[in-house]
Each structure stands twice: as C-alpha cells, then as structure tokens.
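You will see chain A twice below: alongside chain B first, and alongside chain C after that.
And then the complex of A and B:
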C-alpha cells in the first residue's frame, strides 16, 4: 500500500517536470499559430527585413530589430567595462569598507524593479540628457542604454565576482609567494582563469538587456526608424509588442507583433544554449 | 619593464572609478525618487478621501488612492506564487533526485530557455491563450486576474524550480546516505531528510519569485491590468497593480498631484521589493554560514 502511494508521488514529480517543460514549447506554439497568417505566403524573411509602414501594407519589423540591437549593444558597451571594474575592485580591495558597501549595494540593486528605473529615467535622466547635449527630446538610444546599464550591471558584477573566487586559491598564492603583488595576481592569474564565468555573465546580461520592456518603452522614444545616432529615438521589439498590442486582434499589425515575439524567443533561446555550452565546456576543463 | 607595469598601475585606478560611478548613479536614482516622493507620503496617498478603516474592510471604494492597486498587486502575487510553488518544487525534486543522463540534460536546457524568456513574450503568450479560450471555450473569457496570475506563474516557475534543485543537490552525500543506510525508502529520504534540510534554500527562491511577481509590469500590461478598476471582485475581473500604475502615471499624468502619487507608488513598490530581496538574501546567508 505504502509503495503504491510512493509510486504515485514519484509520478507527480515527473508530471510536474513534464508540464514545466511542455510550457516552454507551448509558449512557442501559441506565438507561432496567431502569427501564421503573415508567414503563410512565405513572407517570414521579408517581414524581418522590411520597414514598418502599415498604411502601405508593409509590416516589416526591421527598424525594431535594429533598434533592439543598437540599444542592447550600446548597453553592453557601457555595462561590461563598468561591471568588470566594479568586480575587480570588490576582488582587489576585499577588506576595505568601500568594496563591502559596493557589494551590498550591487546585491540590493538586483531587487530594484525595472519600472522604477524607467520612471526615474523619464523625470531625471531624460531632462538631463536633453539639457546637456541640447539635441532632440532626450528620449533616445543613449538614455535607454544608460538606464539599462544600471539594470544589467548587478547581474554581471555578481557573476564576475563569483567566477573570480572560483579560481583555485593555490594559483594566486603561488604568485604572492614569488613576490608578486595583489594586482599582478589578479591581472595575470585570476582574470585569465575566469573567462568562462565572464562569458556567462556577459551572455546573461545581454539577454536581460534584450528582453527588458519597461525602460526602453518609457525612455527610448519609440519612433519607428532605424536609429543612426546616439540621440535618435528608437523602438525595440519588446516595446513594439507593448505599443501595437492595443490594435484589433485580427489585423495584420497585430499578427506582426507575434513575429517580434518569435524573434525574441529564438534570440533568448540561443543565448540560453550558449550559456549551457560554456558551462559544459568548463566542467570538462576543470 | 615600463610597458608591463602600466596596466598594473592603471587597473586599481580604473576599478575605483567604476565603483564610484556605479554608486553615484544608483544613489542619484534612489535619492531623486525619495527627495521628490517623500512629501506625498501620507495616508491620503493610499486611501484618498475614504476613511482608512472603511477602505480596509472593503466597505467603501477608494477612488483617488493607491489602495486598489496595492490590493491588486497583493492578490496577483499570492495567486501566481500559489500556482508556481507546487509545480516548481515538484519539478525541482524530480530534476535533482530522479532525472539522469540525457533526460536531465535536456530538461536543464529547456528550463534555461524558459528562465531566459523576456517577460513581454510570456505576457503575449498569456494574451494568445486568452484569445484561444475566448474563441473556442467561452466568449465570456477576457484578460483578467486569473490569466495574469497564470502567466506570471510561468514566468517565475524556473526560479522556484532551480532553487529547489540546487538546494537539494547541495546536500552533502553523507546526509543523503544516512537515512537510506538505516532502511528508509527513497521517498522517506526525500520527504523526511533532504527536503527539510533544503527548506531555507527553497524558501529564499520562493521569496525571490514573489519579488519578481510584484515588480513585473510587461506580463500584466498584456493580460488584464488596467488603470482604474477598483478592488478586483473575482478571478475573472480586471484589476489595478502598483507597477502598472507607475507606468501609466508616467505617461498619462494630468496634474502634479497625480504625478506625486506616482512617486509615492514607486517608493512603495521599491520598498516591497527590497524587503523581499533582503529577506531572501538573509535566509541564503544564514544557510551558507551554518554550512561552513
């Protein structure tokens, strides 16, 4: 009797895992089916490369793809050196009060809601950018990337710190024993040995910046155009979904936002696979 | 010699600069919020002109306060976490204790993908399901509290699953073997030994998931959150939520008073999320301390 109950519970465990896995696939299915009418004429790739001019029956999402890439890459350009610097400081000055404060603050930052960054962005950063550079409204690629930097840096810093401490202590002690300084130990031993962790941090942060909706929706300006400069307004795939969402759900505009979601889905899955590959590779190396 | 020494001199300087830049940036963001928002902080912000006691007992509707949004967020978070906890923990147990070989590798990858999905994609999925149900099941179904909570549960499921899995896998082999050696069955070992031991780890995951539910805006704006709905009456009604209110106010505010309530809402949401995250960190820290 007791065995029977145990078997049932074990089945329930399996069922839960199965359902959770199924969700991942059904999300893709429920994005694909409503978007199908637009692809059926073999137009999937033309949608990816066409401009968005609904009046002329063009529902391409090319401007949104470039907008997303521009903002995400710019964010990484700011966030990667900043995060690497902060993680280095936490690692080098591991006994000073400043780096303890920095670490605590970074941990706290992982809990700040994105909508708050967006809100403060509108009322603090956007006027600041507008007044300093005196171009346009201040709602631009640059403002969005600056705020996104605050969003994704904590993820990277904590992962970098984690991978620094994972380098075997004996390696570093050897440098110190030969008369090397803490900086030399960090620069020539710790850093080169933690590249897998750094790669994982960058990939995850990239995914975070790519998938964020609220910050870009609130402060990137949302103009449908291929951004050509830092001060151009831009629209990302995520904010495009949020903005067109209100349309009638049989219209081709509405079907096109499912293409955005599919592109986002594929992109973030590719990043997840990349992280797994790096993890597996590291396990072989160590 | 001078060439190799340059980076050694520059690294500490640059890293100090990065640290100072980051701290200044986050301090100005939070400082700005508090400086602008603290004046609007009083009972009227939450309850408007309705007497607080009557509002709390749901006797009278609150029109110009944050109370409905707070109740909305609260019920949304509770529902979502309720859906996600049983499935997440059970799946986590399966992954840590039963799945082996190829199945395990495959499931790990699948959950990585699920965890990495942008929340707006999950939101659009929720809406797509609503359309589907509306067309084929009942035309009474519209975006509502229930749909939102289910979509949010999908969003945080991987968090709960992963923390359960890691908490179980981190248990030392000696502990894992003890009960088995004494003749306990596999299930007794999980239920009486491994799960109680990993409870703090699982708890911190659940709390993090709660914080994620409370702050997420993209999912709910696609699945039923609206600007004015009052207290949600049932699972099938529209609702207000704090993060959506903040977004809405930032783009649609009519006067300074409304804007001030936006700042107030932002401070309340920030406070709730930071409380949850520090609670989770506290539990995690205590676990890692007692382990060493």
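And then the complex of A and C:
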C-alpha cells in the first residue's frame, strides 16, 4: 500500500518537473519561431554585428550587446568586492549587534522593487554623477552600474554568508585550537572552502544584473551607441526590447527584438548551466 | 397666502433642478451606466484623460476608467488587438493600421510640440537649421548657439512616440538624430529629465510645459498655446483617440464627452487647443 502511494507521488513530482522543463523549452521555441525568418535569410549573424539604424534598414543589435556587457561587467566589478567585504564582516563579527543589523538590512534590501532603485537613481544619483564629474548628462553606464550594484549585492552577500556558515565547524575549531586567530581561520580555512558558494552567488548576481530592465531603462540613457567611456549613455538588450516592443508586429524592428531575446536567453541559460555544474562539483567535494 | 408660498417653493425647486442640470450637463448621459473603460497609448493625452475620468467616476462611481501610457504606437496596437477600448495616439494612424484593425479616429484637440531646455539655460531661441544641426550632432556645444561653454545633452523619445514622429517630420525635416541622444519613454519622463539637467535639450507636448522647463522659440515663434491655436507655430499635430470599429455604449459616451463644451473646456485647461 505504502509503495503505491510513494509511486504516485513520485510520478506527480516527475510530471511537474517535466512540465516546468517543457515550459522552458517551449519559451525557447516561441522565441525561435518568429525569429526564424532571420535565420533563413542568414541575417542572424549580421544582426549581431550591425548597428541599429531603422531608417536605413539596419536592425543590428551590436550596440545593445556591448551596452549590456559593459554595464553588467562594471556592476560585477563594483558588487563583488563590496559583497565579499560585507559578507566577511557579517561572518567575522558573528555575535555582535552590528553584524546582526547589517544582515537584517541586507535581507530587507533583497525585497526592494527595482523601480524604487530606478527612481532614487534618477533623482539622486544621476544629478550627483553629472555634478561631480561634469561630463555629459549623468545618465550613463557608470550610474546604471552603481545602481545595479545596489540591486545585486544583497543576493550575493546572503549567498556568500550561507556558504561561509556551511564550512564544517570542526575545521575552524581546529585552527583556533592550534592558536590561530579568527582572521587566520577565515582567510585560510573558511574562504578557500566556500569558493563554490561564492561562485554560485556571483553567477546568480551576474544573471540578475544582465536581466534587469527597469533600472537601466530609467538611468542608463538608452542611446543606441557602443559605449566608449564610463560617462557614455548606453542601451541594454532588455531596455531595447522594452523600447521597441511598441513597434508594428510585422515590422523588421519587431523581428529584431526576437534576436535580442534569443541572445538574452542564451546568456542566462549558459549562466544556469554554469551554476548547476558548480553545484554538482560541490556535492562531490563535501 | 399658502398657495403663493407653494408657488415660490416649486419655482425654487424647478430653478434649482435646472441649475443643477446645467451644472452636471454633459455628465447626465453617464447616469445608470456601469462598466469599465480601458485606455492606453499616447502620453500627451494623459492629463486630459485623467481629468475627464475623475469627473465621470466621481459623478458615477459604478464606472471604472483605467488609463495607461506607452506611446502612440502602443495605443494603436493595443486597441487594434482588442486589449484596450480606447487607444490614444499623437499622430494619425497609418493607412495600413486603419485597414488592418478597422480603426476609427477621433481628433479632439490640437497640440504643439515645443523644444525645451532647462530654465537655467540662457538660450531661448533657435532657428530650424540650428535645431536640425543640434539633433544631428553637428552642433555639440551650447556656445555655438550663444549659450554657455558646455556640451549639449540631447534627449529624444522612443520610436513608438507620436510626439517624436511629429517633431522628426516637422522640426527636423526627417533628418538624422545623433547616436548619443538619450532616450526617454514619455512626455512626463522628458519633463523630468530636462528639468533636472541644466545642459539638456528635448521636446515635449505644449500641454506638458510649465515653469520647470523653458520653451525655446522655433524660427522666432514661441511654443505657446496661442501660437499653436493661430497656426503660427509649425510643429503641431492632432491628438486622437482611436477605437476598433464604431464605438458603442460607454466608450462612445466617453468619446462624445470629450467633444462636449465641458470636455473641450478640460482640453483648454490642460494646455491644448480645443477643436470646437
């Protein structure tokens, strides 16, 4: 009797896993089919490398790909050290009121809607960047990356903290027993043993920065150009989709945004696979 | 004596009801109606749509009106697909759009598109040639047009914008817009951007202009309501509300309301030129 229920439940779980897998693949199919005319004409790769000048019949998304990468990479450059520092502080000062407060604040920040960050960005950060550096409008790669740092850091900090606490206590106790300090314990035992968790945090944050739309739409400036400097206005793939979405269904503009979607999908799938591989590796190690 | 008092009483009642009737006027037709009107599209239209909706909904709370932006392209597309009841656009629908969706257009106001700068900027007048050169990225410093020695920050709207379409056609003569121009997604966002940035130049619906922006004379003509009305100011367009097929029921009443004296008064109050 018990076996039978177990089997049904097993089948139910398999079914739900199968359905969610199917949905992911059908989304890819949904993106591919309308984008198909682009593949058949061999235009897919030219779209990846051309500029975007609709009035001259060029619908390339190269500026958007570079804009996305510039903003995302800069975000990670800011967010990684910040997050690692915060997580370390929370971990080292484990029992103090300060680390508890920091952790609570970070936890709260994960729930802030992105539109709030966008708003703060437009009315506080953009004028600040414009007035301090005196170059351009302040709507630029730098402003967007700074605001995205605020968005992705909380996730990273919490994941880092979790991976620190997952290192077996006995290891740390051994260091202390041999006369090591808390700092030595952290640097030589905790940190090296939690790198898979750190990597997972980085990949997830990267994916979040890559996929965010509202913040970059509001403060990156959205100019269709390959950004050449921190203070250049840039457009990301996500905001490009949001801006062009209103175009006519049958227009080449609209077809081109399917290419954007496919590129984004491939980027984030690659990230998901990377996270999975890291996870599997860790399971074998520990 | 008593009958005289009664007569006075009744005449007062009658006079009052007439008075109230004249006051409520155009809103009378909404009595007894229930339901929802979904509106989306052009962002220039929003102030008028909001004012009309507030009056109708406070007169009859059984009617619910929702208003969204998105731009003219979104308005036409969504009403065509049946996602909304009224799709607003700041340009005429294209012939292909009209025939594909069976659109009906209602032009209830004329609106100018004014070139704007930050109030801190001294520049208050530009010729068409200068405007074209600035937006094409050929003039990049305010000094070249008698302003400060600072880089010009360009602001433009996305491709779905009717405001952009009219500005591009009538002010820029379908000329190029420089690649480094910043894109904003609504008239409101344009206002926010230009009022924040002292070295900005952009364009908004004249109905959205206020003290936070400074209008720039175009070929010597100020972008004011009077100049748009007289036809002197060249960068002007109609504001349209579109429906799929002939409007019926509540939607028809809403559109009719925009054309009543009261509706047109709202249009004028919000800074647009009434059509009646």
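Keep in mind that, in the parts below, the second predicted complex is superposed on the first by the 269 of 286 C-alpha atoms of A that agree within 3 Å, B and C clash if a C-alpha of one lies under 4 Å from a C-alpha of the other, contacts with A are read in each partner's own complex, and residues count from 1 in each chain.
Quick note on the criterion: a contact is a pair of C-beta atoms (placed from the backbone, for glycine too) under 8 Å apart; a residue touches a chain by one contact, two chains touch by 3 or more.
Being a predicted model, the structure only gives us computed values, none of them experimental.
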{"item": "Partners on chain A (chain B, chain C) - clash or fit", "value": "clash"}
{"item": "Which superposed partner A:223 touches (first chain B, second chain C, both, neither)", "value": "second"}
{"item": "Chain B versus chain C as contact partner of A:136, first or second or both or neither", "value": "second"}
{"item": "Partner chain(s) touched by A:124 [first = chain B, second = chain C, both, neither]", "value": "first"}
{"item": "First, second, both or neither for A:243, with chain B first and chain C second", "value": "second"}
{"item": "Greater chain A contact set [chain C / chain B]", "value": "B"}
{"item": "Partner chain in contact with A:54 - chain B first, chain C second, else both or neither", "value": "second"}
{"item": "Which of chain B and chain C A:266 touches, first, second, both or neither", "value": "neither"}
{"item": "Which of chain B and chain C A:233 touches, first, second, both or neither", "value": "second"}
{"item": "Listed stretches 78-86, 114-122, 204-212 or 222-230 of chain B, narrowed to the one that overlaps chain C", "value": "222-230"}
{"item": "Footprint overlap on chain A, where chain B in one structure and chain C in the other make contact", "value": "122-123, 217, 242, 249"}
{"item": "Chain B residues touching chain A - in the complex, by the definition given at the top", "value": "7-8, 11-12, 14-19, 21-23, 25-26, 28-30, 32-33, 36, 86-88, 90-91, 93-95, 97-99, 107-125, 127-129, 131-132, 154, 157-158, 161, 185-187, 211, 214-215, 217-218, 221-222, 243, 246-247, 250-251, 262, 266, 269-270, 273-274, 276-278, 281"}
{"item": "Residue numbers on chain C that touch chain A, as the complex places them", "value": "70-71, 73-74, 77, 97, 151, 153, 155, 158-160, 179-185, 192-193, 196-197, 199-200"}
{"item": "Touching residues on chain A, where the partner in the complex is chain C", "value": "54, 122-123, 126-127, 130, 135-139, 217, 221-225, 232-233, 235, 242-244, 246-249, 253"}
{"item": "Parts of chain A lying in touch with chain B, wherever the complex brings them together", "value": "6, 9-10, 12-17, 19-21, 23-24, 26-27, 30-31, 33-34, 81-86, 88-90, 92, 98-99, 101-102, 105-120, 122-124, 150, 153, 181, 183-184, 186-187, 204, 207, 210-214, 217-218, 238, 241-242, 245, 249, 257-258, 261, 264-265, 268-269, 271-273, 275-276"}
